[in-house]
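I am attaching a structure below and will ask some questions about it afterwards.
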Amino acid sequence: MEDLLIKLALAGIVYFGVLNLAGLHTWVERKQSALIQDRIGANRASIFGFTFLGLFHSIADALKMFTKEDIVPTGANRVLHTLAPMFSVFFALAAFAAIPFGPALEVGERTIELQVAKIDVALLYVFAMLSVGVYGVILAGFASSNNYAILGGLRATAQMISYEIALGISVVGLLMVYETMDLGELVRAQGQTIAGGWIPFWGIVAQPVAFIIFVTAALAETKRTPFDLPEGESEIIGYFVEYSGMKFGMFFLTDFLETIMVAALATTLFFGGWQVPYLQPEGFHFPWGAELPVANWLYVLLGVMSFTFKVLAFCWLFMQVRWTLPRFRYDQLMKLGWKGLFPIAVINVVVTAVLLLLFGEGS
Amino acid sequence: MTEKSFLTTKLDEALGWARKFSIFQYPFVTACCGMEYMATACSHYDVDRFGAGFPRFSPRQADVLFVVGTISHKMAPVLKRIHDQMAEPKWVIAFGVCTCTGGFYDNYATVKGIDTILPVDVYIPGCPPRPEMVLDGLMKLQDKIATEHRTGERPAPEPRPDILEV
Amino acid sequence: MTTSSLIESVTTEFPEAVTATHSFRGDDTLVLQHQSVLDVARFLRDDAALQMDFLMDLTAVDYSTFGKGAAPAFFASSGVNVRSSSQIPDEDPWPGPPDEARFAVVYHFYSSTHRHRLRLVAPVDESVDDLDSLTSLWPGADWLEREVWDMFGIRFRGHPNLKRILMYAEFEGHPLRKDYPVNKRQPLIGPSN
Amino acid sequence: MPSLTIDGREVSVPDGTTVIQAAEQLGIFIPRYCYHPALSVAGNCRICLVEIEKSPKLQIACNTFVNEGMVVHTGSEEVESGRRMVLEFLLANHPLDCPVCDQSGECDLQNFYMNFGLYNPRFREHKVKKQKAVQVGPHVMLDQERCILCSRCVRFTDEITETGEFGIFNRGNRAELGVYPGTELDNPYSGNVVDICPVGALTEREFRFQARVWYLSSASTVCNGCSRGCNIDMHYVLDRPHLNQGKRVMRVKPRYHGDVNEWWLCDEGRFGFGWLDEGRLEAVRGPTEDASWEHALNVIAKLMQEKRVGVIASTQLTNEELFLIREIFPDARVTASVPERPGSSDDFLIKPDKTPNTRGAALLGLAGPNAPDAEDIVDEAIAKKLDVLWIMGHDLVDLFGAEKARELSESVELLVFSGTNESPTAELAHWVLPTASYVEKDGTFVNCDGRVQRIGQAFPPLADSREDWRVLLDLARLAGPSLEWSSPAEVFRELSEAEGAFANMSYETISDQGALIPSAKPTEAAS
Amino acid sequence: MAIKVVRRPTLTLWEKTYLPQILRGLRITSGHFFRNLFLHTAHVFGRFKDVPASVTIQYPEQQRGLMSRFRSRHRLMSREDDTPRCVGCMLCETICPAKCITIVPDEHPNPTVEKYPVSFDINLGMCVYCGYCVEVCPEDAIRMDTGILDVASYSRDGMKLDIHQLLDPGLRKPIATCNLDFPHKCGVSGGEMKGSWNGSEGRS
Amino acid sequence: MDTTSTPDHEHAFETRDMLLNIGPAHPAMHGIIRIIAELDGELIESADVEIGYLHRAFEKMSENVDYNGVIPYTDRLNYVSPLINNMGYCMAVEKLLGITVPERCHYVRVILSEISRITDHLTCIGAVSMELGAFTVFLYMIKAREFLWDLVEKVTGARLTVTYCRVGGVKADLPDDFRAPCEKAFEETRKVIKEADALLTRNRIFVDRMCGTGVITKEEAIAYGITGPFLRSTGSEYDVRKDCPYAVYDQIDFDVPVGSKGDNMDRYLVRLEEMEQSMRIVEIALSQMPDGPVLVNPETGRPIPASEMVDLGKLGEISTISGGCAVTAPSLEGSGRGAHPFIATDEKRAFLPPKEDTYGSIEGLMRQFKLVMHGHGVRPPVGEVYFPVEGANGELGFYVVSDGSGRAYRVRVRPPCFAIMSVLSKLLVGGSLADMTPTFGSVNMIGGELDR
């Protein structure tokens, strides 16, 4: 019973955080693009005279979309049309369950893992959720009975499937290095340091090439610029062309959720998750020998903050990329996926394997 | 005023507030006015400040139809169809004199003001209107949206020419 | 190539096709019988001395009300002729519109090698159906001829796709004809798809 | 017959011709202010300077008689500079009035200035102030500042109307035009001084500030005010309804016709066009609310075939329409002979017969001794010998008294009134058909001299009114074997074949000069 | 003749990996980002106020200066006694390509003025701001220098300006009674005359 | 958004080409053309281009207004570079009239039309990059355009629809303080161009999308009558400014950038370079143009408020005001008597008098009226002329026929993008759907000019 309550509480915290983050994300995106483009960005919505740098615009957006007329076009498959956005959001949210966002918290006797669902093969679970998410897009494209939507759906399908492979292979090396598929373990494993304690042994250090592949493929997974072909506005408007109101809002939300998801994954896999450099459960162990003991609650707090910060930083980076680059063309995208990322990822795995064989602990 | 109606009124007002500051526009750009539309949307005037920064190129997702530029007889059916495709609640802004009244293109090819085929909420005259005029029109639209929710009804339709059959 | 020789070389080649020439304000112009437009155009393009590789423009003029514009009321009573703004004469005055034909199809050619321009004028009537299309020589003539058809109702023989281009298919009449009132609107058509 | 050369072209003219007239024969226009072909030569404006070879100085063309072998240049540099000087003087004291002057747009000062004016003025002195906006008569306003003292108007009142109201007073730059004290420019031809004034000194009271002249469109037609049939230009504006309270016709100007009215027009004809836009019938009225042309014509056509019909046509109708009436109502009692009280007349232009086409009606047998009298027809109708009576434009109340008119409307089965304007008779009629006025339709009139003249359509009929000929043709189509005609021109062709008087005439041969009916003896010479 | 053949970029192998350009692009955009972020923050604390953080003009709180030649909404000039300078010469109505000006002139009792506009309406819904009316006015009666830019309206009629509004650019709404002491017939000013006349309005 | 042909579920297993109806309201179509494309997957198998959605009857309207009345309509032909249209039309009518304008006027026209050309290319490249997803570049470009528009506004009194040239001159002289803001605006523009260059030119995503797409050969381009940057990208060097120089282009030293392959990349690069050349032209023109009026000039006289001048003129007190210079409405700055000889032709029957003359002399007043009244105005002799200028998209020709009345009998525009558009369907076929955007973008279709 208590376990269930704790789980519920954890789930509450995670989803509250994630959804808010997604909401905030729309604001951040607007403001960030505004800063990049020498603009001001939304700043006029006010409640009782307060504008909070335009934060309320996101609330207005959400409120409005909830009350917007919902149109199902004639000729569309009503059930699938309604199901598609829910699919998208559901699986995007489900994936968050496996992400550990902080070190284990010790409350009295209990040790609470800061992770909604502790799954042994969490990585597989997350990837599975991400892959299933594509069905939302496909269904949306198919159910809309609109040529543009179909094109968008087709592009999304091909793109996601192609990049999933690179994505999957890119983390194989990581698994080989850390020898676990449990994300919690993976993060903990990244707590080690190398080079005499100077460098934390994060995924980025262990697998730099994999990181680049992962980020690229993950960006493609999330359909963000420069990989926003399924919704390439100036070409085909997007798979959600026939969606209005909150259904469209859900796709909108999914977009941001997936971005956060990918940021969280990248953090977890390559940037040590909630790890803070030189911070061990007992306290800081600086490479120059200094030590600073830290209480467990502070350790957990620092961990959660570190995780959040890293996720936000990735989100920022993704958006910065979005506002910098032009879009790929379909065949270039495929070429990049199959002829670029995929072989490199494979080679990376092989090289990792060889290196591990030569220098690994097991050898 | 009963408790309930007070609540619904408040809710309605909140909704009005939300709609006022979340304007997804469908820019139906055809002509010269598009240049000033760009200027309005870009850094110097930044229409995003008003919450109208997202141009949605699907009418389903748009709240406000910006009709920017001359509408010809050849184009009119397309415009009408897009207006029909938009989801409620929706508003229409006539941007530039060609859309307001037909402007000085009084000839066989042009429609004499889009209000002959659609209901128009705000007219922004000018050829093309300066971005300031556009922002002013946008604020007038925001006022209208808020008023609509405060008073509970859309302001009475403004007098306009008979709608032509399309 | 100088003006006179440019005109001359065409006139000597097609003595019976060319009905008049002038170069008002320096624009070399040949008035042709419309049957020979294709031949002359081919000659212009292929002749080594001319090499008119550009068909810059192709349009038409409806001369049916030329010089017949209603005199404003005040001239009728004052009886005073007002001089044109400019009396600056040209060595080669404009001979006036083609006499009988209602329309004149006007071609502008340019040679990028020799940098000279030439205008061909082919007077035609509504009923003419043996004015050859230039699409076989310049693919760019396709749209231009379609536009002339759309605006004036002049047909081009051998055009692959002579249909309206600027107006919609349901439009009746040809708006640039002088007898089409400028603001005569036709009923709006419904969505076509 | 001396022959001379003007601008390199040779011409032979009778003795006593002036250079300006000779040039006119060649189509060479020499500028003039004071010269007017109908008036004596004054030679005081000096704008008509021409260069005559072997003559030391420039000469005025209006007062130089031609000599054998004269060589005249009208456009040389010297001539232009001479004219430039003249203009400079004329403009020295001219007020800056173009914005408020009705003449701008048809002002010869502007026209000649633009052709060879001094663009950069040298004269920079104060201008002499004189009286502005003086009302010199019921129809004419005078602005003394704008006057260039050409004395055309003075000569007009002296020589044409011989009333002599105008005079030039004072001397030098104080000289000014005015009417003699105690007199008023109120002769029946006073409007003509406005026409002949080359600048904006004399303007029409009625037209004043109603519209700028460059908005006006012009249509040539024939005055319907009396049987003289003066040629006129109807000036109208259609596209600016905010002007002149929405009236279309702005003013009437005489059109030169050497044999009818020359350059002149009486005030009655000039200012009597108000009815064209005021008090017009605009819609068909009938016993039911939703009366329409179709309905009305059907009713009339039906009764026409079955019942005894009387038609009181009007001499305001064109020959074509009268002819159609005759053809369509072969068995009916038809007349255009309506006793009208004769109006004023004089020996210049004004005729006592105030309708334009009495002569035409007579030629077609609808008026004159052979035609029945309108009063008889009315009496027959009251006596129930007629079931249907169609009144075309006449006001029976005015002609026969209200009592009789009322009696008539009660006794006939169907009383149709067709006409342009509201009248007491229209109130009594069962069906009221709005018809077009004479400027809204095409056709011909025959004036008192037997001259067939075309009126020509200036603009389309007002509101729902229709041209009479169209109504008659529609009716014919409904009532019986269809007439194949569809326009006045076709009707006239038929008419010319049917009626000997009009033989060999067509709209082309009539053109703008009219055509004399061969049989018509010139009853009196046109003045 | 000077011909300059443009140099097409040939990408190096390193550039073909996308990365350098992505980094370079990120440098530029991040440059803008951080610069503006810094300046915005600094502005909050009142520093570097003279360096703008964005090019945005925050209309309506901030007004961008109009160039002196800029053609904005019209106004009618008035004489010392508040009557319009316009004498109804109708040159502006004549030259107006959009036909948005309608003037009804009438006789003025003062013979030195002679003529004045009974009504002077500008339909902003038609006006194309070409400035021809100002250029041709021989009386300096009409100008386009009010700087008024809030001309948007909820109706077609709202875009029509009558003589009162034109004389007093501050006046936004038509006033009910006439308080000008020149012989001004309030009855016919405004949009009354327009379109009421049969037959003139072409049906579209 | 407008779509056709719903997929037919019953025959879902047959392979069919998808008919995609792109436009007329489609974000990449700039609103006003429609491409009916047959798709095989992502490849375009056939494309049918339909235009005419912005047909506004320019040519018909031109026959119904007087010669100067056409100028506002020309503004709206190529609404991205209106000053070039103004210039082309006015020079065509001047040719018909047989008049010339002062040299300074030519320089002013050249300066402004080159500024217009820059704004046009900025918009074009901006739009292309936006459609390729590089939204930021677009915003930077429009930002730079805004600085240039400030210049335009400073000179002409309007940002976009300038109505600046007149038959026989220009509306107003350059303001005295033009040079400094011009330099400032160019500095900003160069900065933006540099940034855009850095963001795009060597970016492989961009290069891959631009290179080898929308290829056209020189011969083909010429056969289609294509001119301007589009033709120059194929290696042809035809530029009206060089080959048939007008105004003062023959006195200005500038380069004509040409490409080699005739693909989208070349067009992009040519436009980029042309902006630089245009700035160079403006700078040269500014330095070598003849001086304008001296402000403190005894000729121009003491300033008198315009209204006072009118009132005194009306009272006939000419001696009080003659020789004064009118303080006119601000929108008329730079067109006074002092500036007039520099910006307007000598021919008095073609150009409005300076305001001082209108207010202060009956001669000027009459000239003003004569030029405005219907049926008077500018009245060229009967005849026909064709006059080409180098528009932003290519040869912009005006063919004007006059019947000697106050209105043109026929005005024909040779719209440069008409020719380019006629080849578009050819360029699209065989490419992928995504290539449509850069190809179409590099055409720089301007609806007002295409459909007129």
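Brief remarks follow.
By written order: A, B, C, D, E and F. Residues from 1 in each chain.
By our rule, a residue touches a chain if its C-beta (ideal position, glycine included) is under 8 Å from a C-beta of that chain, and two chains touch if they have at least 3 such contacts.
Predicted model, so just to flag it, every value in this text is computed and none were measured.
Chain centres computed from CA atoms place A at the largest separation from subunit D. Between A-E and B-E, more C-beta contact pairs are found at B-E.
Centre-to-centre separation of subunit A and subunit C, using mean CA positions: 65 Å. For the pair subunit A and subunit F, the distance between mean C-alpha positions equals 48 Å.
Per-chain CA centroids place subunit A at a distance of 37 Å from subunit B.
Residue positions of subunit B touching 2 or more other chains: 42-44, 46, 49, 57-58, 74, 78, 81, 85, 104, 106-109, 111-112, 127, 130, 164.
Contacts with at least two other chains are made by residues 22, 25, 28-29, 54-56, 58, 91, 94, 97, 112, 128-129, 138-139, 204 of subunit E. Within subunit C, contacts with two or more other chains are made by residues 72, 74-75, 82-83, 167-168, 175, 180, 182-185. By the touch criterion stated above, subunit E contacts subunit F in their complex at residues 1-9, 11, 15-18, 21-22, 24-25, 28-29, 55, 66-71, 77, 79, 85, 91, 94-95, 97, 112, 128-132, 134-136, 138-140, 143-145. Taken in their complex, subunit F has these residues touching subunit A: 1, 3-7, 18-21, 26-28, 39, 42, 129-136, 139-140, 143, 199-200, 203, 205-206, 208-209, 432-437. In the complex of the two chains, the subunit B residues touching subunit C come out as 73-74, 76-78, 80-81, 106-109, 111-112, 117, 164-166. Of all residues in subunit C, those touching subunit F in their complex are 24-25, 27, 29, 53-57, 59, 61-62, 66-67, 69, 72, 74-75, 82-90, 93-94, 96, 106, 108, 112, 115, 117, 119, 138-140, 142-144, 147, 151, 164-168, 175-176, 180, 182, 193.
Subunit E meets subunit A in the complex at residues 19, 22, 25-26, 28-30, 32-33, 36-37, 40, 54-56, 58.
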